[in-house]
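Lettered A, B, C, D and E in written order, each chain numbered from 1.
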Amino acid sequence: LNSSTDEKANKETTSAVQTADIKQIKDQVIKASNTGNIPAKALERKDTFIAGMSAPGGVFLPYFYDNGWDGNATSPIFSPLVDLDKNGKPIPILAKSWEISDDQLVYTFHLKDDLKFSNGSPLTADDVAFTLTLLHDPAYDGWGDLAAATIKGGKDYKDGKAKTIEGIKVVDPLTIKITTEKVNAKALLLLGGIVLSKDYYGKDYTYGHLDYLKKLYSKPVGSGPYKLEKYIPGQEIRYVANKNYYDGPPKVKSFIYKVTTPETTSQLFEAGETDYDRFPAEPESLEQLKELGFANIKVTTANSYSYAYINNTKPYLKDKAVRQALIYGLDRQKITDVTYKGYGTVANVPVSPVSWAYTEDGINKYKYDVKKAKQLLDEAGWKVGKDGIRAKGETKLKISYLTSRNDDDFIPIAKENYKALGIQFNPEVLDFNTLLTKLNKKDYDLAAVSTPMLSDPDDAVADLASTHPDNSAGYSNPKVDKLLEESVSTTDINERKKIYHELYKELSDDPPVILLNYRKVIHANNARISGLNPDNFTGISSSLPNLSIKE
Amino acid sequence: MKQYIFYRFLQMIPILIGTSFLIFVLFALLPGDYIDSNPKLTPERAQELRELYGLDKPILERYVRWFTDLVKGDFGFSLKYQEPVTSLLNKFIWNSFLIAAVSLFFTWTIALFTGVISAIKQYSWFDGFVTLGVFAAMSFPSFFIGLLLIKFFAVDLGILPIGGMIDTGSNTTKLAYLLEVSKHMVLPVAILTLLSVGSLTRYFRTGMLEVVRQDYIRTARAKGLKDRSIIFKHALKNALLPAITLLAFELPGLFSGAIITEQIFNWPGVGRIQLEALSFRDYPVLMSFTMLLSFLTIIGNFLADITYAAVDPRIRLK
Amino acid sequence: MNETLLEVNNLKKFYSSKSTLFKSVNEQVKAVDGVTFSIKKGDIFGLVGESGSGKSTLGKTILRLHNKTSGDIFFKGKNVFKLSKKELIHYRLQSQLVFQDPFSSLNPRIRIGEAIGEAMIQHKLASRTNVRDQVLSIMEKCGLSPYHIDRYPHEFSGGQRQRIVIARAMALNPEFVVTDEPVSALDVSIQAQIINLFSELQEKENLSYLFISHDLSVVEHLCNKVAIMYLGNIVEQASRDELFKNPLHPYTKALLSAIPIPDPTIKREKIILKGEIPSPITPPSGCKFRTRCPIAQKKCADIPPDYKDVGSNHFVACHFV
Amino acid sequence: MNTPLLELKDLHTSFHTEEGTVTAVNNVSFSINPGETVCIVGESGCGKSVMALSIMQLLSDSGKITDGMILFNGSNLLEKTKKEMRKIRGKDIGMIFQEPMTSLNPVFTIGDQITETLLEHLSISKAEAYDKAIELVTLLGIPNAKKIVKSYPHELSGGMLQRIMIAIALGCNPKLLIADEPTTALDVTIQAQILDLLQTIKHDLGTSILFITHDLGVVAEMADTVMVMYAGKIVEKAQVVELFQNPKHPYTKGLLRSKPVIGKRTQRLHSISGQVPKLTDLTESCYFSERCEHCMDICKTQAPPFISENDHYTACWLYKEGKDQ
Amino acid sequence: METSLVTDQPQKDAVSKPISLWKQTYMRLRKNKLAISGLFFLLAMIAFSFIGPLFSPYVNSTVNVNLMNHPPSAEHWLGTDKYGRDVLTRLMLAGQISLTVGIASMVLSVLIGSVLGAVAGFYRGIIDQVLMRLADILMSIPGLPLLLIMGAILSEWKTPSEYRIYIIMLMLSLIGWPGLARLVRGQVLSLREQPFIQAAQILGLSDKRKIFYHLIPNIFPLLLVVATLNVAGAILSESALSYLGLGVTPPTPSWGNMIDAANNLVDFKKRPWLWIPPGAAIFLTVISINLLGDGLRDALDPKMKR
């Protein structure tokens, strides 16, 4: 199978042996086996739940923070109108219900009764309107980009041509109606986001000036299950139960997000310093957690995948056959096995298996096949030269690969694999920002990236549209363009499912990127905590109101 | 002397300005900017934000703006942390300073003693042991040693905390707080000390080896002075001359934050801020922080020059 | 024989006293305070004087190791302080200095063979191949044994080091040498050998010396001119015979009377100088010697005495001659 | 006479060098009584300084006392512990080193370096020590003592430094003063003053002095007893007058002839011909034999014994026990 | 004790043969057990790295999932890494890079630093001012961004990645001189006031000779310390550079990146064969250089007891 650059042919492994060796781990839940092992340190805490997290930045205002971890830090404090369930389907939170007009342009949200912010002031449709308006202020510089939702009159407001946003109508204190200009599948989540208190955050608001909010970054007022008690930079964030939470105050009185580092997460958990944390998915981690006995473990597939961009604008990569050859000729299973040791699977569809849009039906799996790859290259006119490198006319087939991690397992394996194909593979390690810059400038051949958490399947594929301004792959396929357009032009999930199926098939045939793998995540919590059910879309925040501590 | 100090002081101003410009250009040359670090932004939005932050202006204009703000006492606003740079640094820099200062103290004291003893007992078992230890500590990266210490002292023995600066959820104040913080400092300080004590020991050792054979040490012996005072007074003062230069190098180090150590022990220091500011191209933070360090570097060198001349009377300042 | 080699003209060299960070003192050590003399080719010019009177400073200033405060020095008619870098090296080739303290003027890490030979190679007085033989022959002349050649300075006795330094200076075939107490650490036999070497060189090569010494018997033996220094000034200068036969300045008289005589049976009356020893920072007014002078009068405090010629090139600075 | 203050018996000191072992002090025995001044003269490089350093046990790393005894006040210094030795140095035995420039610590003030000894051995306060230091400096004829104690070694002239060394050595009124060429850099008037001072101390306090010098004039003035050293050995020893009037050893005679004397100038100074033998390959012989005018066969094969006649000791085959030539 | 048996005359011609400084040093060095053992270890290390791979059957072996993280065995004496590659072989190959980088960068930076420092201290005045102010500025420039820029530039120029490490090390030495230069300058400032330098001046020695023969040997012990510390520093920092894409590009091994690859608790506890060998290799190299350095210093120290 493997072309014989390896002198030790007898040492060569076949795929069969590989799969036998690496045990593929399934998503699973493992209950604590011995709760008697719970460390005394943890038992001492009668009314506090401690979860580990990475590095928060200390901005406690949704839409305004810049550090992703601040999202986690604010989620106990603020609640949105609509959230996602564990399969990524929208569910109501502050909203009692919502309606979407038949033309799918008008959204009407009905709020729950008697909603209050943690400071006691009522939460009404006015607050929703205020929040949406605020995000259209020209001075707003956060990440919350409502442009995709295309609220009617939003642009005019931003440009100063209108005093209010035409598309936002407060019908009554419990009802708000929002008109958009274009159908967009993601509009629901954008519009139904976190609600900020107009009384609190809008007191000093004047058009074009948002600086006053900075003073409030550290003093959040929201409607989530918890309120901020104290933030100790770099150390921990302490919360106390919000008495005014619509579902009644959570049972566990205080909650702490403790800053942990990858080096010490397992040790902190073992010592009972934290009640919950996430762990790298690898056999040793799981083994270790199991040995502790007091851990409830949940192995899930992450809601993301990793892949390598192919620069479709390069003349030698424009050719579909070459791209296909690059995938056939790459032992993705090996990469996945080395990296995740059974805690990952090869990705063939640009969406995580946990998403509703996932399907492998009719998809080419591009099983590692050197012969096929060589054949494709031969057919495409790339002939092996004297130096063992393929060339077409004057140009040699040299492919650069950008990555930001110097322990990227892609490199050693791809180097080997591609050498066997007659492709010269030049890996380059760069800092992430530089990599992004090069990506934007399309100054690369291959580049390793991984998607962020995907709340909508569109998040992963949107930039493959030839019209997309951020099309880093430089991919252009009219059929894909059309399907992408369609996929967001309806809010009906079943319909979208079909479109995505179609899209994935096309993307498989004419691959814009090299899909690599899905990985798993291990969540573990101390068995004394019950009610915790971390999921792939909201983490632990959706379980927070339902927690309780076992005596 | 006074004149010299004054002259050197005046010199520092253009040097600082020059440095600041150089550093500004350097950062501007970095591929990518803050906006680039967020791949989710649409190009229009990115352009909007660039205008908002003034990132689309030519370097010189940006520099002048930054500089005039600086002169006015405005150090800028962190893009990443969304707070004034001064308050951001203020939050973290003192934590870094704390462990750096304490470990500096230990480093110098320990290095002084071990260096001196291994010099006067050159090639003794003690010297050999120290030498081996110094290089062993140098050959393994700090995260190894850090993890080892945590495993042993914190997890297995449970006598020291695993990381952080205070116990989770602790509300101690005053003395109890002080005690708590010191307990958390033990391991990071130990690592920092271990990391730098080795090289310093070597410096002291060589310095001493040179000096103990000088004739004036013989004179000191002839006076019947105690060994301690011969070594620690007569020999050391001469041997320490290079150390002054080294000490000056430590000045910026006190504030720069120890990235790896802080990471392992989850110490809320400025190291991570610095790294993040760099990878996100958070220029206001980067500029202010780097300029602070530059300033300290230059001051440090300046102090070293003066101290040097004060300690070694043979050197004439010109 | 009569050509003037070195001319020192009202030379002054003050050391500015250290001022600390906190107080600035503007005191100056007047180490050399207006010295005038000249040395002719072939002269051995003896310079004797009180310890700390500025002899070494004068010597070093002549070789431009110090900058002058004022005055001028001419060597072969050229102003020493105005030499270009190249000329300076040439000047230093022609004139050498034997330091008072031999040990500290030897690089502890350089073997003496190399210390003596390196300048010879540099100035092409010897080639790399024959330098060692030349060094050996110079060492032999200075009373050093051949086996010393590969030793380091600290392995020598005080006297041996002194000879090394002399050898090093002589190796360059200078025309003029300032020797700062070159024989003080030598036993009389070797001292004799060195002194003989000096006079031999003077005779054969017409070498000139500024010979700084405390040993008046050596000065009397070797020098043809002698100057007496006191607190930065030359107080008396004459040819050797004149000075030793007819000392005029009270300080000279005191010096001559204090020479220890190598005969334990003779106890001679010495003029013991009494009175306060002045400091070069605040030298006394008028005649600088007056504080210790047995014949001082009121006049001495007011007017500095002229440095006058009392005939046959005998100069003296005293009101009472 | 009463018991000697210092007595050396069969002292051998040698250095390890690349060329071999240099025996710098070879079988030296002598004694100094309280209040006695012993002068040592000898060829430059014959081992005088090394002997002095041996007594203080301050030899450099490569030097070693290989044999012999050093009795001070009756007890052997070589058997003293480090601590006991430390108490003796500076307090009971003071030493003036030959090269003052390198022997003073460049980074401490003169005052610090003088007071140190005082503070170490006498129980006095720092201020008192400073006063004493200023007093000593003044006593040694250095002007402006107050200023001098604050200056650093490199700011002083050679003669001044030498006097500072003397001040340090005299600080604690030692019982024995070892002075290694203490006045070479001093002009004769100051020298006279210092010698005077030493005589006074000797008479008033009964200090013994081991005086190393090349200046025969100084010897004549200071010494009670004179020893002549050659190539690590003492070749002659006698009372001062006896030695000057009746030198026996050819080397001593040669020395005395080499000294220039004012008013008796000759064209060439007499100097002893030849070289000191190489101290590494010494063979059983009289070490002076090669340079000796009276060299006999026996001189080349056997070392002469150290014989005495009326307290005048000589090591030379020309002299037989108890008899003149 | 007058027992010396040598009876012949001192051989005069023995001294008339000039012995070169190097030969003398070498002769002294030979007697120094420390230095010899240091040299031996270092040569052994070099042989291990450059000749060793010739004897390894695994030089060209590929990623092998079946052999992932195997402990030492008869086949793989030091076990295998997470790609199933033979650790021993990689250790040897890594040595080629690490030794070259470590020693070359040490030599370069010590050379530049000591020369500039000595020049500044020796001439003082305007040269000193310019060099030291330049040093101030260079020391003020933060390293990380500079490296990022260099990385970007090298990437822009499409420099082959296997050369980058050398270019970077060169650049780092070129801008990294201020620390050592300041140290050296300080020493030189006080040395140059000593009479023996004045003596050299009087002898009309050229500045070059004064600096290289009179001053630098006197700070040699200091330079040796710096040099040994530098080797260790360079070997380890090479791996830090790889994070920025400036070091050795994987899969080429270096001791530093081998250690770094084992950067988690599990490897630390359960797979010591991944990190002990490279650590020990660095340790041995540094120790042997240090032994050699110590020996060299003693050999050059005239006052050292022998």
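Here, a residue touches a chain if its C-beta (ideal position, glycine included) is under 8 Å from a C-beta of that chain, and two chains touch if they have at least 3 such contacts.
For each chain, UniProt lists the protein as follows: B, E = Peptide/nickel transport system permease protein; C, D = Peptide/nickel transport system ATP-binding protein.
Keep in mind the model is a prediction, meaning the values are calculated, not measured.
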item	value
Most distant chain from subunit D, judged by the mean position of its C-alpha atoms	A
Contact pairs, highest-scoring chain pair	C-D
Chain centre separation (subunit B, subunit D; CA means) in Å	54
Subunit B and subunit C, separation of their C-alpha mean positions in angstrom	53
Euclidean distance of C-alpha centroids - subunit A vs subunit B, Å	37
Mean-CA-position distance for subunit C and subunit A (Å)	88
Set of subunit B residues in contact with two or more other chains	30-31, 143, 147, 151, 213, 215, 312-314
Sites on subunit E at which at least two other chains make contact	10, 148, 152, 193-195, 260, 265, 301, 303
Numbers and ranges of subunit D residues touching at least 2 other chains	18, 60-61, 99, 101-102, 154-155, 278
Subunit E - residues contacting subunit B, complex	34, 124-125, 129, 132-133, 135-137, 139-142, 144-146, 148-149, 152, 179, 182-183, 186-187, 189-190, 193-194, 221-222, 224-225, 228-229, 232, 236, 259-260, 263, 265, 268-269, 275, 279-280, 282-283, 286-287, 290, 297, 301, 303
Residues on subunit C engaged by subunit D in the complex (per definition of touch)	15, 18, 29, 48-57, 100-104, 143, 145, 147, 150-151, 154-160, 162-163, 181, 184-193, 195-196, 199, 214-218, 220-221, 244, 254-255, 258-266, 270, 272-273, 276-282
Touch list for subunit D against partner subunit B, complex	53, 56, 58, 60-61, 82, 86-91, 94-95, 97, 99, 102-108, 113, 116-117, 120-121, 152, 154-155, 165, 168
Residue ranges of subunit A in contact with subunit E within the complex	2, 5-8, 11, 13, 17-18, 21-22, 262-263, 266-267, 280, 282, 284-285, 288, 334, 337-338, 341, 406-409, 411-413, 415-416, 426-431, 434, 438
List of subunit D residues in touch with subunit E within their complex	12, 16, 18, 23, 26-27, 60-62, 66-67, 101, 154, 278, 281-284, 303
